[in-house]
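Note that the chains are named A, B and C in the order they appear, and that numbering of residues resets to 1 at the start of each chain.
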Amino acid sequence: MVSQKEDKTSSVQQLIANSRNQKTKKIVEKAMPALLFSAAIISILTTFGIVFTLIFETFEFFKRVSITDFLFGTKWLPFSGNEPLFGILPLIAGTLKVTLIAVVVAVPFGIASAIYLSEYASEKTRRTVKPILEVLAGVPTIVYGFFALTFVTPVLQEIVPGLKLFNALSPGIVVGIMILPMITSLSEDAMSSVPNSMREGALALGATKFEVAIKVVLPAALSGIVASVVLAISRAIGETMIVSLAGGSTPKFDLSVTDSIQTMTAYIVQVSTGDAGYGTTIYYSIYSVGFTLFIFTLVMNLLAHYISKRFREVY
Amino acid sequence: MRYMDDTVVMKRMTKRITANKVWKTLFFLATTFALVTLAVLLYRIVTQGIDYLNIDFLTNFASRFADKAGIKAALIGSLWLMAVVAPVSIILGVGTAIYLEEYAKKNKINDFIRMNISNLAGVPSIVFGLLGLTIFVRMMGLGKSILAAGFTMSLLILPVIIVAAQEAIRAVPNEQREASYGMGATKWQTILRVVLPAAIPGILTGSILALSRAIGETAPLVVIGIPVILQFLPNGLLSQFTALPMQIYDWAKRPQEAFQYVAAAGILVLMTVLLLMNSIAIYIRNKFQKRY
Amino acid sequence: MVLDFKEEKTIVKRNQATTKSITDVAKNIVYDTRNLNLWYGDHHGLKDVNLSIYENEVTAIIGPSGCGKSTYLKTLNRMVELVPIVRTSGEILYRERNILDKNYTVEELRTRVGMVFQKPNPFPKSIYDNIAYGPRIHGIKNKKILDEIVEKSLRGAAIWDEVKDRLNQNAYGLSGGQQQRICIARCLAIEPDVILMDEPTSALDPISTLKVEELVQELKKDYSIVIVTHNMQQAARISDRTAFFLSGEVVEYDKTDVIFQTPADQRTEDYISGRFG
């Protein structure tokens, strides 16, 4: 029996020993982590690429335009022939108008639907609504921009007197619709991860579902909800196509939402579709605007990261 | 002595219950807002675009005249673009995810990579356009080609693919890896033959969703300076091209009302492509749902 | 005074037991563990373990949970290293070579030493691909040879008749007991020298458990088996030798009937009579 077993063992183990190509195996084992690491490095190179591109070209820009004029100037008139002005405040004002309107639309609706989905809705409703939200989040922004220009603006013009064809209101509302699914789904995640035992504790004292939602779930999930809003704001600031199509190209440093505006992103698009030659001040200006935009969104992203890390509830 | 006065409690009770009902209705209406918006949006676009959507529209090149305008160059161009974006972003994304989940030890470099990826996901797409314009179009001299746009788009969706692939790889139970190691398999053999096959449905679903984002993305293409009125099809990776969202943007900007309908028809084509891709992703997700 | 005397006696008895095991040279030693210590970070998981495992025997390892029995088993094929904070000292000689030596390739060791896990863990592949996994990763590609290996392994795991008509079906469609026998068959496919089993029946129903136990009895003719179990009746039924672990130490190691009928150590007696654990 024993000897027979040894014969058998030697058969498969022998085959293994013969066919095993130790050398290639060893090389592959050593090479793969290095190869995969170099793939991971690409993402770091991308960040470096972005930062260096923006810094170098912005530096070129500041050789031609003074940094104080750029930061504190209230007129953005790059195309006025003999004396172009590059004060970024009007572009920032345009961006902030749109972002603010978007937040006013998206935050109440987004959090309210998150509460509904997480606290009230049946499993079946949730399974219908969530994919629809995913679809809404997947609609390309160019489509939203078209919708803003050809539907929302005309409808608003019926309601709001003096609303121009290009304005801040219409793209603001549509950007709000665009970021709404993001707020809803991230807030819903935060609320759903509040343990049921906390809800049951309140319900057993005779609290209504509304009281549980507002006094128990909302405070417990607050950091997640705030982080979702901050991330959504970052998305709104960087949104391009909606504001390019429906916002206009008249940068103004004021508080009007009915007049034509221009956001930072829309300016970059305007220059890119025009024929500003390589090496001109206008060409470099898109990098300085891009750099400003990048800083805005970076701060928002880091803030969201910090909020969700720092105030993460431990259940 | 009792502190709870039953009559007061009962009186407040009715109010509280009514408040609950009112708020529930409000929350529900807020939820329907998104759904109604989507319905209106789709309805508008279908009614605007359907009349222009026909075989000629699909087979014609762009034109100065609305009724002769077609989407052929843009549709084929978008396919070419995907032919670059899909392999580049999936190989890099899945490679990074494998590295982070299977090999990366907890140290500063790897923490930095992780943090960097989550930040990269929040960078506006137009900034990626500036990167593409400087690095790929000018420095590497690729011009306004499919390759330059493809690389730019790949970097843009890379974080999405990495995160999706990481989740899929993490979902493979450790017992599976142990079983493989227990047979004398090496680490790479285990990854290649056990972890990846089990994670592939998740990776594919995530990748398709990321690609569908890339196919509808406009801003980077605008910044790179992709042309819109093209009378020829691309003949290679370094060829000039145009893409669906770019073409739609051009039509939507035009002052003539007729072009609005053309734009709507273009959106219908784009949305159909997206719907197709999403259906495939959902099919894969449902077909290969977890079996552990 | 009386207490002291008693303790002394126990120690003497234990030494006798160990000596007896080591001097039992009728069979070849497969594994010889010498002064093995193991730490998980600061936790001293295994303390001075000395244990010999014999060819063509079933060696059972029993003890309460957390006593280090699974850790010891996983040290035998160095699976314990998958936890990065583990440190070891001492030697484990497998066929006279120290496997804790850094130059010993784990892949080679694990090719000779198979493992069956607590929870059945077939791959989400067909039954055939599950069994062929081992041979394939070791470079056997010939379809005819693979067919033979698959059939022989499934027969060896006493599951051939149940699955021979559906080799291309996913192994996840099988019952828990069948899955575990598939895992055993998968392990047999590379014809290992030793099979390590980590509580292989703890997730199974009584009938499946019985089948696996019968299978273990059958397999010991060809393989040396080390089985960790929390089920003392199982150890008594199927093993030739039993080691009792407590807090990382080997309290007693002897022939199974000695352990269960006339244990030398009070703690062993307490454990097997169900007084703790």
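Quick note on the criterion: a residue touches a chain if its C-beta (ideal position, glycine included) is under 8 Å from a C-beta of that chain, and two chains touch if they have at least 3 such contacts.
These figures come from a predicted structure and were not determined experimentally.
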Category of the chain touch graph - line, ring, star, complete, other: complete
Chains linked by the largest number of contacting C-beta pairs: A-B
Central chain of the complex, centres being mean CA coordinates: B
Geometric centre distance via CA averages, subunit B-subunit A, whole Å: 13
CA centroid of subunit A to CA centroid of subunit C, Å: 53
Centre-to-centre distance between subunit C and subunit B (centres being mean Cα positions), rounded to whole Å: 49
Per-residue multi-chain contacts in subunit C, two or more chains: 111-112, 138, 190
Numbers and ranges of subunit B residues touching at least 2 other chains: 186
Subunit C residues within the subunit B interface of the complex: 77, 79, 82, 84, 106-112, 114-115, 117, 119, 121-125, 133-134, 136-138, 170, 172, 183, 186-187, 190
Complex interface listing, subunit B residues touching subunit C: 105, 173, 175-186, 189, 193-194, 197-198, 291-292
Of subunit C, residues touching subunit A in the complex: 56, 111-112, 135, 138-141, 145, 149, 189-191, 193, 221-222
Subunit A-facing residues of subunit B, complex: 16-17, 19-20, 23-24, 26-28, 30-31, 33-35, 37-38, 40-41, 44-45, 48, 91-92, 95-96, 98-100, 103-104, 112-113, 115-120, 122-131, 134-135, 138, 155, 158-159, 162, 186-188, 191, 209, 212-213, 216-219, 222-225, 245, 248-249, 252-253, 260, 263-264, 267, 270-271, 274, 278, 282
Complex contacts: residues of subunit A adjacent to subunit B: 25, 28-29, 32-33, 35-37, 39-44, 46-47, 49-50, 53-54, 57, 108-109, 112-113, 115-117, 120-121, 129, 131-133, 135-136, 138-147, 149-151, 177, 180-181, 184, 208-211, 231, 234-235, 237-241, 244-245, 265, 268-269, 272-273, 278, 286-287, 290, 293-294, 297-298, 300-302, 304-305
